[in-house]
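Paired with subunit B in one complex and with subunit C in the other, subunit A is shared by the two complexes that follow.
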Partner chain A sequence: MVDDDPAEHVLLQRQMKKVDGLSVKLDYVADIGAAVESVGTGDVDMVFLDNRLVPNDDFRQTAPLLRQAGFVGPIGLISSDISDAYFNEFREYGVDFRIGKDEIDGAAIRFIVSEYTRQQLSEACSEDYM
Partner chain B sequence: MLAPETVFHQGPELERAVNRMDFFRLFKSLAGSHGVQFFGVVEIPGETASINLGQAHVLHNFPGSWFEDGANCLAADPVVSYLQQSTAPIVLEVEGNSSAFVGDNCSPRVLVVPLQAASGKRYGLIMSGLERPVAHQQLALIALDAALIFQRYFEVLLSLDSISGLSEREIQIVRWTSEGKTSSEIAIILGLSEHTVNSYIAAVLRKLQVVNRAQMVAAALRSGLIS
Partner chain C sequence: MQLSPENLLKALYETMPDPVLVLDGNRTILAVNGSAIETLGFSAEELIGTGPERLYASAVDAREVGEDLYPLRGSSKPYRRRVDVRRKDGSIFPAEVTNSIIESGGGQPIGLVAIIRDLSAVLQAQKQRLRAETILNTALASISQGFAVYDGEDRLVLCNDAYREIYSISAPAMQVGSSFETIIRYGLERGQFPGAGTTAETRAAWLEQRLARHTNPEGPFVQKVEPGRTLQIEERITGDNYRVGVLTDVSALSEIKSEAERLGVIIEGVAQEVYLVRLSDRRFIYANKSARDNLQYSMDEMRQLEPQMINVDLFPDKLAGKAASIISGKTKTLIADTMLRRKDGTMYPCRVRLELMDTGPDPVVLAFAEDITERLEIERALARKQHEFETLVQNLPDFIVRARPDTTMTYTNAHYARFVGLEPAEMIGRKFLEFIPDHFHEVLEAHLASLSPDNPMKTSEQTMVAESGEQLWYLWTNLMIFEDGEPVELLSVGRDITETREARNRIASQARQLELRNDALEQFGGIVSHDLKAPLRQIRLFADMIAEDVGAGKVDDLETPSGYISDRAKGLERMISSLFEYSQLAYQGINPVTLRLDDPIAAAWSNLTVHVAEADASLFCEADIEIEADRNLLIQFFQNLFANSLKYRDPSRPTEVRLRAEAGENRITITLEDNGIGIDPRNADTVFGVFQRLHPDETLYSGSGIGLALCRQIAESHGGTIVLDSSYRDGARFVATFPTVPL
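Entry: the complex of A and B
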């Protein structure tokens, strides 16, 4: 989780504990520089990215930095308000999904984990065909 | 932020929805605004077939423990049976443990809204765990909002199965695949996640009616989509 407010980490961790059978290790960093360093280790499967991280403007600046670092896991954009028009561009900046902070609960977390760890392509579509 | 007290046909959220997560949020908000915790949008199979919650277009938040084999819900289930035989929204009172859509210690009321896609395929919204009786007016409002969200879901995602052309992004991904790049490599090249790349590939496979990457590339070459 990348968020400049440590309280958000505690809140998300509490929500995750409510999901039965979910085994997720939630790491926390406060800025995009630390996030880039963290995904560079190869130990991160998914990123929850807060929209505004001081001193950056918003996800349009930060999400591409994670992609440029070679991170190919899902990036979920979280914000207290995702209604501004520019949020609709999220896919163009390498973000996989967006969700309001007030929408995050056990059901949403379970769906996110299930959706973004789901095998989308069958065995017939494996990559060793060539 | 979603505004649950606002009926969706008056709100902007519908127009903004672009992926499965967005539609999950919309249906979840619809359910939550009526005090319902669990919901599912499922594809209705033939008369004797089971509903498969693992199917690609299904959206739901039912606990896996409700379903014996984790994904399938038998045709004998009264909720499934109703969806197969009716087109009208209803609140079913399910007896005992006869339906997988009623969890332990949950209310036996299950709200069912049959939905039909323009392609002819039938779907259904199932909302379970309704604590209070549902008035006709409330049922009508839920059915209206469900139909509006579902229509958008169809336009944005479900209809892609029957559209023959490929989007610019899909063509890019087929082209890189034809160069021998893996999903992960394409993700790095295009600044996307591997999940997104695989979503595009899955959509292309459905559109071109093929089952693997080699066939996808061959079909795209044959039809002139790539050269």
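Entry: the complex of A and C
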């Protein structure tokens, strides 16, 4: 999780614990520089990226940095409000999905994890099969 | 002497006017009569006992006649031959020789009697007749009229070429001896006569009528024939019951006549009154229907009238005087307005145009008259409208000018004249340009020069100086009138828009302020949805977390969520306070006063005394200039900028703030620099947004995040600007501009 507010980490961690049968390790960094460094280790499967990280403007600046660092896993954009029109362009900047922070609950987390984990497994199986 | 057959024969022989010769079986002349001696010039002794050969002018004739008759053979028929006979004097005359055989009592041919008939007179007569026939045929061929002669049995005797050409379709049937009916039927079946119709019945009826007219001619008549001709036919019966027909092609005349008839119909039907007056007795000889209807007279009644009888406006002598110039040819036409009296006594105004039509022995005057009752009413209405228009124009608050294209005025209304302190008449002849300020001349000349036939009208706003010296704004609408692409007249209307312009400026200023407030309101809405929602959501979630933990009996770690709740609640309080402060400034109208700029600067620095001391900060100020602005807002403006410099200072060195103000022509430029940590150039614009934090660590750089947003709000509310100089690298540099006089 990349968010300049550590409270958001506490809250997401709590939401994830509520999901039965889900075993997720949630790492937290507060800025994009740390995030780039973290994905560079290769231990990150998915990134929850806060839209606005001071001093950066928004995800249009930060998400490409993660891709440039070689991260190919899913990036989910999280924000207090995703109603601005520019959020519609998220795919152009390497983001896979977006979700409002007030929408995040157990069901949403279960769906996101299963959806993006299944796709990855599927791709891996496909490669093994070949 | 006793009368016996012998004596009778001898007497006949002697008295015969034609020469008679008696020849024997050997072709020797036995006897000749007196006529032979007289005609041939020979004596009896010179002829008797000789042969007849020397009497033939042609030896061939002499030989062939001899061979035909000799040796003599019995024949009851006389032998005739046309020969030329030579007299003794050598002259020759044409003759017919009749030879009759003389038989003996036993029926044996013993000789012959030759009677010579002189044909000179007969041949001469024939020659004359042939010559006459040739002349006649030539004459008939040369005349353009068709000419034909039918005999007593109605058979064609002769016809000329014109006759065949006129009846071109029937021409093949025109054989000498063909009957008139045969020729007519031939043409009828082939469409020669369009007047006969197209059905068998109509053609039969037409033929019957035509034959009856041919049999008993009653005078000339007109007949249409194809192709497209009109004939006048005149047939006569001669004393010996011959029928002579003469055809004249009258197509052209017919056409002229029909044109004249059409013209007559047109003149009769036109709405304008038309009269013809004969000058010799000054009587009407014609009045068309419109004239008769209007005057209520019949044509017969009109013919009894003289023009002066219906004219009530011009006295007879005056009318005669006017007509005299026409009659004498001094003037070709005359136009006069007069009143005409109808039969019932009512009258109507009329415009009459007279023209002498014929200079012959019996000239006539053609008069066209037009009832001008309606026209006069329209003219009177037009005059009324014109008067109303003049009154309106004279009293309009607008300036109205008519001028030549070079702006030389030909008309101006009283209002404009009063404005420049002249009478309207004094303005005429002077140029429009003289009455506008000099600095507008060039603009106006270019404006007028840009008027074109495609774009003849334009407007322009310009200042005008009244006689009183007052300067007012006028909107001029200039319309150039073009004829054949050339400008001929300029129409200009000027309207005082001084108050309108002031109102427009006021509205623009209000719109600008409204726009600022709307921006602030919009930003406020955004803040509520973004920045306020986030801490509220967190408070809700942390409260839920506490409730869950308490419900689950886990009460050992409630400090973390409760700490977050408290922290977010304090943050909310700060934001709400800041928003209140911002909204008060954002919606506040400015109250500008003239002051020295360094006065609010000093006040702002003084308000930050504690922070200045903490930062060990120094202010270097060059701002001793005058400005017209809201003092309180300026204090807030500088206080926020100073606070920003103090907050983001470089802890490794003493804080220095440098402020410089320069007065330009219309604007004052204020530059503020510090030697702090600076601002990322990428945030050059976002730093002026509400709640924009430039550093995430609020414990290190606390604040509401509205300071710079307020600075921009204050600058813009004065009509000024503030920007971050992103090129500055030794700290932060802000450049603000304020108008000399706030908008």
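The working rule: the second predicted complex is superposed on the first by the 119 of 130 C-alpha atoms of A that agree within 3 Å, B and C clash if a C-alpha of one lies under 4 Å from a C-alpha of the other, contacts with A are read in each partner's own complex, and residues count from 1 in each chain.
Everything that follows uses one rule, which is that contacts are C-beta pairs under 8 Å (C-beta built on N, C-alpha and C of every residue); 3 or more make two chains touch, one makes a residue touch a chain.
The model shown is predicted, which means the values in this text are computed figures rather than measured ones.
Participant: In the superposed model built on subunit A, check whether subunit B and subunit C fit or clash.
Facilitator: Because the two structures are overlaid on the shared chain, the partners are seen to fit without clashing.
Participant: What is the contact status of A:80 with respect to subunit B (first) and subunit C (second): first, second, both, or neither?
Facilitator: A:80: touches subunit B and subunit C.
Participant: Would you sort A:102 into first (subunit B), second (subunit C), both or neither based on which partner it touches?
Facilitator: both
Participant: Going by the contact rule set out at the top, does A:110 touch subunit B (first), subunit C (second), both, or neither?
Facilitator: Touch status of A:110: first partner only.
Participant: Regarding the shared-chain residue A:20, is it in contact with subunit B (first), subunit C (second), both, or neither?
Facilitator: first
Participant: Applying the document's definition of touch, where does A:4 land relative to subunit B and subunit C: first, second, both, or neither?
Facilitator: So A:4 only meets subunit C here.
Participant: After superposing on the shared chain, does subunit C or subunit B touch more subunit A residues?
Facilitator: Touched residues of subunit A are more numerous for B.
Participant: After superposition on the shared chain, which partner residues are touched by A:30: those of subunit B (first), subunit C (second), both, or neither?
Facilitator: In the superposed model, A:30 contacts subunit C only, not subunit B.
Participant: Between subunit B and subunit C, what is the shortest CA distance in the superposition, whole Å?
Facilitator: 9
Participant: Of all the subunit A residues, which ones make contact with subunit B and with subunit C?
Facilitator: 80-81, 83, 102.
Participant: Show me the residue ranges of subunit C that touch subunit A in the complex, using the header's touch definition.
Facilitator: The touching residues are 529-530, 533-534, 537-538, 541-542, 545, 560-561, 564, 567-568, 680, 682-683, 686, 693-696.
Participant: Under the touch definition given earlier, write down the residues of subunit A that touch subunit B in their complex.
Facilitator: So the residues of subunit A in touch with subunit B come to 20-21, 64, 67-68, 70, 72-76, 80-83, 87-88, 91, 93-94, 96-100, 102-103, 107-108, 110-112, 115-116, 120-122, 124-127, 129-130.
Participant: Going by the contact rule at the top, pick out the subunit B residues touching subunit A in the complex.
Facilitator: On the subunit B side, the touching residues are 1-2, 12, 16, 18-22, 24-25, 28-29, 37-38, 56, 59, 61, 63-65, 180, 182-184, 187-188, 191-196, 198-199, 201-202, 205, 211-214.
Participant: Of all residues in subunit A, which touch subunit C in the complex?
Facilitator: Counting only subunit A, the residues touching subunit C are 4-5, 7-8, 10-11, 14, 30-31, 53-55, 57, 80-81, 83, 101-102.
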